[in-house]
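Presented sequentially are two complexes of subunit A, the first with subunit B as partner and the second with subunit C.
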Partner chain A sequence: MIRFLVKRILLTVPTFIALIFLVFVAIRLVPGDPVEVRVGEHGISPERLALLRHELGLDQPVWKQFLDYLWQLGHGDFGRSLSTSNSVLGEFFTLFPATLELAAAGMLLAVVLGIPMGVVAAVKRGSIFDQGLMGLSVAGYSMPIFWWGLLLIMLVAERWGLAPVSGRLDFVRFDYDTPTGFMLIDSLLSGEDGAFVDALRHLMLPAIVLGTIPLAVIARMTRSSMLEVLSEDYVRTARAKGLSPFRVVGLHALRNALIPVVTVIGLMTGTLLAGAVLTETIFSWPGVGKWLIDAISRRDYPALEGGIILISALVILVNLVVDLVYGVINPRILHGR
Partner chain B sequence: MSLLDIQNLRVRFATRGGAFTAVDGVDLAVDPREIVAVVGESGSGKSVAMLAVMGLLPWTATVEADRMSFDGIDLLGLSAKARRRIIGRDIAMIFQEPMSSLNPCFTVGFQIREMLKAHTGLDRAGRQARAIELLAKVGIPEPERRLKSYPHQMSGGMSQRVMIAMAISCDPKLLIADEPTTALDVTIQAQILDLLAQLQRDTGMGLVLITHDMGVVAEVAHRVLVQYAGRPVETNGAEALFADRHHPYTEALLAALPERASARRLPAIPGVVPGQFDRPKACVFSPRCRFAFDLCREVAPTPAGPELGRALCHIPLVDGVPTPVRAEAYRLRQGVPA
Partner chain C sequence: MTMHRALGWGLAALLLCSTAASAKTLVYCSEGSPENFTPALNTTGTSFDGARPVFDRLIEFKPGTIEIRPGLAESWDISPDGKTVTFHLRKGVKFGATKGFKPTRDFNADDVIFSFKRQSDPANPYNKIGGGKYDYYNDMDLPKLVTSIDRKDDYTVVFNLSEPNVTLLADMAMDFAAIQSAEFADAMMKAGTPQQFDQVPVGTGPFIFQSYQKDAVIRFKANPNYWGGKPPVDELVYAITPDATARYSKLKTNECQIASYPRPADLAEMQKDPELQVLSQPGLNIGYLSFNAQKPPFDKKEVRQALSMAIDRGAILKDVYLGAGQQAKNLIPPTMWAYNDAVVDYPYDPAKAKEMLAAAGVKSLDMDLWYMPVQRPYNPDAKRIAEMMQSDLAKVGVTAKLVTYEWGEYRKRLQAGEATAALFGWTGDNGDPDNFFFFLGCTDGKPAGQNAAKWCDPKFNQDLAKARQLSSQAERKKLYDEMQVIEHDQEPVLNIAHSVVFLPMRKNVTGYAMSPLGTHEFDHVDIK
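After this line comes the complex of A and B, so read on.
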């Protein structure tokens, strides 16, 4: 177990170096550098341009810049944002809880609804419920996120007034410290009346929008995996033991059927963390997705590089956790190693 | 009174190509302490008949019978819930593929204790003790340690022993073994068979042994039901059956035993068991029967008397010679016009 962990972590080191290199080169291939973007259309004297570039180290050859950056990273220094002069690490972790909260809520919704829906569809295959659900899941999967988000804002928020349009909290009504950055937790800690409900209401629509695609994928995946497992010999054995259908399906079959579903959940959690760019933009959700998009348009090299590296680290971490969860669900995987 | 009493069992499957009758008019009675072998090639509906008793057929199956009772309880009219109380406790079943019949996600111990939890009032410690006792009973060394094993850590023979331990955990009155040795190595086959026979002797349970191996039948069975294409073609005591076979199919099955081969080529029954669309109208075995004549292809035979093993044949064999028992068959056979 420990050996497996150490091996997995060591294997991520080359992945990281390759990743940093890719990000580093790709951003420099985009026309325009931070100085040019900041100068904009006003123009600048060539001497001043050269001076600014020298200050930022942009006059060095790219390989030198890369090595310098690696050296800097090696000391745990992600640098400062060129646009705000704040430390990249600080900015990232100020915004990250918002993204994490949204991703967790969306994923929770998708898992809690998707797995039971898939199981019921598989058990009642061919029924109206099954056909309806699979039709809906195609719709959910292929629906453009921005359209779905706007539709919900128009109907649920505007017409019915059931949820706020944007943001994480009604800052006109509430004002309190946010020590954890997770609005749901902070609102509870604040002790302010109604703050938690308000935070929850703000989270509702973005979570639904973000969770829609994972929900569709998880429901389909669970259904097909379950259909396969239900015809396995060991499910017949479980029935032959005289166990209740609930136990046969919910324990003996589901435990096996979950293995591919967990993979999908892991992969999707990764993409959700990488910033639900569209969802965050539609709902003005102050998370890292929106921050990264801004960093690209400002050619904010340190923010972009740092942000992508941090997110990648998180995605790799999630995948590691998924691998460990496999082992818990299916002992064959751990013993096989 | 018979432990298991089945009369005129019919199982139909709804398929895309229409209804398919997998079991057609099977009678089977199993007494306590009796080993009954159900014999036939793949596709003759042996497993389906027994799965019907267990209530384990998929929803596409329709089960009908004049009578299907176990220990005086009518299985046909039983609710699913009431049947689940009997299944596993009083009637247990083991299957052909032991490796895939155990759930890969749970330890052997969990799967045995689960059965005990479902059907007995034993507490946690009692279940653990009983599980150890059961593994020892089926000849698994270091039972306490083995309980913590997962199915993939065990061999096929070991897995089948675990399946047997699980099946006998609640002291069933009837055990149905569906080709329990087919997937195993030849050396292990004999061990598993001996184990089943010994457990049957010790506990006095009834045992239905589904097999296509006449050698297995000869070794353990008290009584034999030969099934072909869903129909019972011959039934008799094991001794009587091995002394003289009355249905050509039974004769052919026995002749196909490799041990009996004298020529260079192994003997085989030509052709295959007919499927859904190529069932002959009259005698289902006629296309493969070396004694078949006009009548066999035109009129369905009726079972002969018990002295001829209820052979479903116009001309049951006596000492290997076709013997027309009905006048009509006799005349046709002899070419004498009616």
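After this line comes the complex of A and C, so read on.
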């Protein structure tokens, strides 16, 4: 187990260096550097442009900038954001809990609803429920997130008043410190009446929007995987032995059917962490997705590079956890390595 | 959650909201996070708006106007040679206390000296903190203009200038000239956390900073000791909401009472909503098409005039600005005191344009027409405008090829004089006419970088320099009138439009005065 873990972690090192290099070069290929994008219609004199570039080290050859950056990273220094002058690491971890909270809520929703829906659809294959569910999952998968978010805001928030439009908390009612950055936890820690429910209400719509695509994928994946497993001999044997349908489906079949589903959950968690930009924008959710987009538009090299490296590290970590979960579901997988 | 429970929570929230409203909390849905809270370091309106409630300047703009009035300087004197400006500071002005810092003294000359020395003096310990770029201080040419800033006594500060320049007064009302606490700066430096100085604003303004969560919220409370009187609301909350549609939704649900930058497509619906009011004001900006006066045949004024007459600006205003624009005949908008209304605009007259082109010896013309890749306050859709112009020009036998670059690259190439004709524009910084006319200015006979038309007219430049040295507004107006006539005759740029700026808010919001400079200010705003 430890050997497996060490091997996996060591394998990520070259991936990381390649990734850092790619990000480093790609952002510099985009026209306009951090100094130029700051210049408005005022223009800038060539002397001042050269001075500001020099101060940021942008007048150095790219290979030297890259080596300097690697050296800096090697010392655990992700640098300071060019637009805010705050530490990149500090900014990332201020915003990341919001993204993680949203991604976790979206994924929880997708798993809690998607797996049972997929199982029931497989068991009742060909029924109206199955067909309706699969139709809905196609719709969910293909629905543009922006449209879906705005639709929910218009109906649920504006028309029915069941949820707030956006944000993480009602700032008029509540004003407390957020030591963990996870609003659900902080609301409980604050001890303020109604804060937890308010935080939950704010989380509701973004989580539904973010969880919709994973929900559709998980439901479909569970269904097809279950159908395959349900036709296996050992399931027939279990049935022949007189086990209850619940035990056959819920214990014997589902456990084996879950392996591909867990893979998908792992992959999608990575996507959710990195790709919640649209949801964060629509719902004014202060996460890292929007922060990264702003960093691109401002050519904030340190923020962008640091953010991508940190998110990649988390995605790799999630996939590592997924590999370990395989082992728990089916110990033969881990032992076979 | 059942429907009943949800409705229950909804009702409870509503009740609490109404309680909060009686405590006078004004929620402003802003469009983004400030980069930091030191205006001198910033360039964006979003960052300036984030810090403005906390700070005052030596000179202020009267609410809703571009007229200047005393701020932290009660009065000022200009020496007869125009090279010394003495500011007499207001006494008894308190800085707001914040978490971890309680001011021990009132505002005085040290704060003024610190706020400007940080930007001008490389030896100042804060000069390099926060990136130390000070774009506005440089853009307004203050390093050249201000030779020294001296402290005469606790309440008198003297600015020594290299040449007389009356625009310094308007510069002093700009955000970069906000006065910060020198005592707080010292405290942060001693604590070894100078960066913190730019993250926690301590000023003398109408509101006191409470807290900030990036991309989520900025909280302020009213300053009970404000020298200008306590603001009518007790708390001011910026709910950071980057999406314009979400801002509109929050306005409808009363989650905020004022929302910035509405989508033009939502305006009609907003105006019909009985719960909302939409304020509007002509923006202090100009969108124009520059002709490169150094490239033939654009070096002939007749060609520039002809092309201007070939373009149907009325159609552009209707189809692209969607009514949120005002056709421009001068470089400056009509809201400015120097506006010359006697100038007669060029009509849309393709037949005349064709004749003039032929008379100028231009039989067929292939030209590049540059358009910006981004939306700007003065130009909502440059590509669409360029397409319409292309079609208009084709009617007079001119073939225009549309060209664009990434925004930074676009400005760089334009500044370098690569464009033949390019869409560009300007948003005023301080309401002084000089702040518009300077971008057609030249230094030593060479066009300045921002002069996209690369046009130099000796008389225009002479008037421009002279107007800076006059303190009489009437005298200055005479010069600016003349400059507008020259600019109109020479037509280095075709003035297209001044955009109209809108601000939606709840009906119960009173006392909001829209600033022509596009800033958002809440010190006189109340909720009824």
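By our rule, the second predicted complex is superposed on the first by the 336 of 337 C-alpha atoms of A that agree within 3 Å, B and C clash if a C-alpha of one lies under 4 Å from a C-alpha of the other, contacts with A are read in each partner's own complex, and residues count from 1 in each chain.
We adopt the following convention: contacts are C-beta pairs under 8 Å (C-beta built on N, C-alpha and C of every residue); 3 or more make two chains touch, one makes a residue touch a chain.
Everything numeric here is computed off the predicted structure, so don't read it as measured data.
In this superposed model built on subunit A, subunit B and subunit C occupy separate space and fit side by side. In the superposition on chain A, contact of A:Asn86 is made with subunit C only, not with subunit B. Of the two partner chains placed by the overlay, neither subunit B nor subunit C lies in contact with A:Ser224. By the document's definition of touching, of the two partners only subunit B reaches A:Gly242; subunit C does not.
Once chain A of one complex is fitted onto chain A of the other, the partner contacts of A:Asn330 are limited to subunit B, with no touch recorded for subunit C.
Contacts of A:Thr281 after superposition on the shared chain: subunit C is touched, whereas subunit B is not. Judged by the number of subunit A residues each one touches, C leads among subunit B and subunit C. With both structures placed on the common chain, the touch criterion links A:His252 to subunit B but leaves subunit C unconnected. Seen from the CA centre of subunit A, the centres of subunit B and subunit C span an angle of about 160°, rounded to a multiple of 10. In the superposition on chain A, A:Asp233 makes contact with subunit B only, while subunit C stays out of contact range. Measuring only between alpha carbons, the smallest separation of subunit B from subunit C in this overlay is 36 Å.
Of all residues in subunit C, only 6-7, 9-10, 12-14, 16-17, 20, 25, 27, 32, 35-36, 41, 43, 129-133, 135, 138-139, 195, 198-199, 210-211, 213-217, 219, 237, 239-243, 245-246, 249-250, 252-253, 255, 405-409, 411-412, 415, 424-427, 439, 448-450 touch subunit A in the complex they form. Partner subunit B is touched in their complex by these residues of subunit A: 232-234, 236-244, 252, 255-256, 329-332, 335. Of all residues in subunit B, only 54, 56, 83-89, 92-93, 95, 97, 100-106, 114-115, 118-119, 150, 152-153, 163, 166 touch subunit A in the complex they form.
In the complex of the two chains, the subunit A residues touching subunit C come out as 30-33, 36-45, 48, 52, 55, 82-86, 91, 94-95, 150, 153-154, 157-158, 161-162, 164-168, 170-173, 175, 178, 194, 197-198, 201, 281-284, 286-287, 290-291, 294, 299.
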